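Below is one structure; the comments refer to it alone.
Should a chain be cited, it is by its letter among A, B, C and D, assigned in written order, with residues numbered from 1 in that chain.
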């Protein structure tokens, strides 16, 4: 059994980690931390856990001995309690943004201020098994990418690496309200957030940096909040290489993802779900990747969808944990998703 | 021109009042108050007013001279600033709950604590033109009823007054998220509030008291929050009098509401909208009233729907203002509603 | 391995059965039938199955040899193809309405016309393990109850059986759009169905008969379509027995459901999810049961929630299959549900 | 009074026209046609008209004498009945797509097949008062542009005409389900359409042609169906001219739209509604236009939002009618919109 502590267990990512890990047959959740809710039952604010655990929140500074730390709280990677556990040998899997960017200057540009721990960011392995599986099997520090970044990287990387697309990409991201976390505020009040098409980032979205780092492309990205709780989708507009055919694209994707348990290539002729649609991925660890290629006009659009709390966050972190600890990679992530929903 | 001040202009009822009154041809909005937003433009947090006003919020204690005070802030009726204006002759139309219940003991039971101003509650005329039009033409203090209470009263009163139903009624209310006001909080966060069927009052809802006071019936009421921003609906289960026919019910409703500009009787044989449905009433001042009568089994259900911010609040208040000030009753309330929406 | 055929595999219940059974470790899906889609892949209209099956639809009259027939098409139980399989020894689990009511006169009242097979209905065991587990272990014909009926029965039966409530109950059901099936039509068009509070059955809902049959109570029931795809909730208003206490109710429920894997008793003092809420049950096989008791005013409301395609249909059918075939009862039904969603 | 006939009155655009024209003080609706519903009341399928009209549908070939024909049915402009009325002097305002494109080759590329009436398309004046007000005052044939095209044209044209942007634009459109009309079908079924991010046109959307024709730009456009009934939004990514400043953009827009009654420039520093958001425009005739300019990285995004049935269809047609018939331009279009909603 792998002993796991969830740091920042009270938020939406924390809750999703607990939903996946509490029934995980090879994992024991030894702690979930929350200063605000310390002493309260975790099924109090995560009602889907009712009947499945008697766990209560521990304060952040009371981290027990464990094999893996899953961090779902901003800045947690740099806290004393976490550092102590890491020094004692715990593997660290961080779902927050701090360790994702290896270059401190890029961090400054997108997050403002100095990087809190450039040395830690320098050694972190990106938590994307599709690109870094081998390194993840022995990584001590893993930095899970952002939700829309994950989708965009999985759509872009195979074609970029194969030289099938030009160096520039325009990413249009769409995301549900759980992407802003579980903190209440006017921005996320139901009456304000329902029915929106809120262009919260017309350009310059932070995930540009992660996508560029992973693909080597020059990335421009905007994002819109849409009327959904979960779900994220990216449209990536790229320039096809000369002479590119649809078959080339299918071949490149299939070669890349044929053995991947959580990436599916979806590009059909017809049907409501002919292209990746987050609606049918809620609760899953899938990233569906598809594309539309109008060869006559040279327009190639790569599309990817996922659940921002699943493959875009907690699910991906659990997949990394499985890879790192030598567990079957699908373990705890078997849910197929719901249709209709 | 009637000079009107909106006390508590920054909330959802306040915004709806401004939306109706700023284009009202016989009204001048001389002030909208908000302590929190004092000095800021009213179209800042009420974006539909953009291009229609340059008004800024005044603090609550800076109420200018005016003919009518519309109160959309809890406790405002008892504030010094409002009392001063009332003493100077302003008509008071209160949309808050304090003045709705004439009996202090009933107030205590439903709101807890002593009534802040029993003498004011004793003289307030209920702000429901369908029942109190004559009194409203000369009322100094008007207490607009609660949103679900308005719907239930308009469904029940004609049949109760005609002796067509028994003395007991069970009311099942359903309401959108704007009914809890514009204050942010976990209870109304989008990710928690979307898709709910939240039985926030299984029984004992406060509007029991208002409905009982208006109809003389013995009322039990529960309520559920549903996935909508606006809209309220009540189902009122009553006992039909012996020998009652569907024609009796239609006749009673039509006699009562034939000349009412804002109550429509909706009880059709077929169609998606054969019974009152709040979806098509958003933004209007209508209360649609209908019923279903299964004579064979003695089951009579009265149904009413409205926009909780419209006929259930701000719209009804504007109708009262029109009645009180001798203006055409429909003025400022002409919107027909949207379908589809 | 148990060989299972899904008759009527193309609808929403059919799709949910396939989602649960295809990964079920003790089951092989030997056929899914659909005349309309015969020859087409089942993951064509059930996109969550992509990557998990290569199954194609068979026509209804081509049922292969199998151990269990799961029927998700109206009237299927009486079809020649099904009868032939049953005669060859297959167990029949019907999710349609025909076999639920043992009394032909009751069937006539609620469905109109003569019962298509009273002798079959007479021998069918109700597909509710919580009430009929022993009988289900050797039943040849199982009739899974309706979605809202299941919820109401699970809320009512423990208290009715213990004599804690009076003989009359008023049930108020609320249900999402998937409850009307996957056939397109104006009634379910997005622009008409979004945002509704559609009182499609003010009284006399068909599930009255099933609830009465299971509980011995006199049942009146109405139902409203709400803005959700999945999910059902019932409020059951009953009369408490003299001297009833909250503890009596908790004790009765806990005694009844302590060992049930899929019924949880939810009745907390506070929180957004203090009472059963379908929102957090989507995709699960849980029925959450709770209550609100206002002893001072004698008001007792029992509340239950489930996913109409889960415990209200396909999930319950799979649970019956597990019970009947001697498999672990939770097998294939482990999903905990999502929060937020 | 202007006598108006609505051809194709039973659809969503038809219903919206009737909602605006029935209360219009200068207009008499002399007919609404529908072959399918001939003889039925128009408030039967347009429930917001209840209490406001006794009109019934006429068959398409029974068009009475009238001053203006508003066409909301595909191909209606070419029908014999319409031609007869036009020959008798009626002004034709077409909301369908056939007369929008002046160039038959472009029509062929985007719609397939030969243009049904190139001579009619050649003389039609585009129904966009902001660009063609003078011509509209005497036009006999008016072609109202598509909903997303209207939004994009109003965002792009002022900057394109002033030479402030480069020749290429990428348009990303988002639209609610009413944009596909009132015909039921699986594509628009609630359970399939709720919660979607359906990329129905990754590239090559038909409105490309209209936008190019109106602005002279080279246009690429994709579109996504989102979870809304009404509302459309476009993001237009353009290249800023050398040395362009934010002030230049504001100045260009304000110069162009200062006197326009239905275009508002929305580009604020903060707030949930700092950029154009269709949510607050439902039922209105506004097109809100805004922009985001990141000068440092040369990224300029123009954003526009409207109600696809309002300024994107019926509302715009009524505005054209007002202009053409010499009526006050805002008449019948005064609704401010709702917030929250």
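Observations
Rule of thumb we're sticking to: contacts are C-beta pairs under 8 Å (C-beta built on N, C-alpha and C of every residue); 3 or more make two chains touch, one makes a residue touch a chain.
None of the values given here were measured: they were computed from a predicted structure.
By number of C-beta pairs in contact, A-D leads over the other of B-D and A-D.
Centroid analysis (C-alpha atoms only) places B farthest from chain A. Measuring from the averaged C-alpha position of chain A to that of chain B gives a distance of 46 Å.
Once the centre of each chain is set as its mean CA position, chain B and chain D turn out to be 35 Å apart. If you average the Cα atoms of chain A and of chain D, the two centres end up 39 Å apart. For chain D, residues touching at least two other chains, in rising order: 12, 178, 182, 186, 191-192, 194-195, 229, 277, 340-341. Those residues of chain D that touch chain C in the complex are listed here as 12, 176-178, 182, 184-186, 188-195, 229.
Against chain A, in their complex, chain D makes its touches with residues 170, 172, 174, 186-187, 191-192, 194-199, 202-204, 220, 222, 224, 226-228, 231, 233, 235, 237, 272, 275, 277-279, 292, 294, 297, 299, 301, 303, 305, 340-341. By the touch criterion given at the top, residues 12, 15, 19, 23, 44-52, 178, 182, 229-230, 264, 266, 271, 273, 277, 280, 282-284, 334-341 of chain D touch chain B in their complex.
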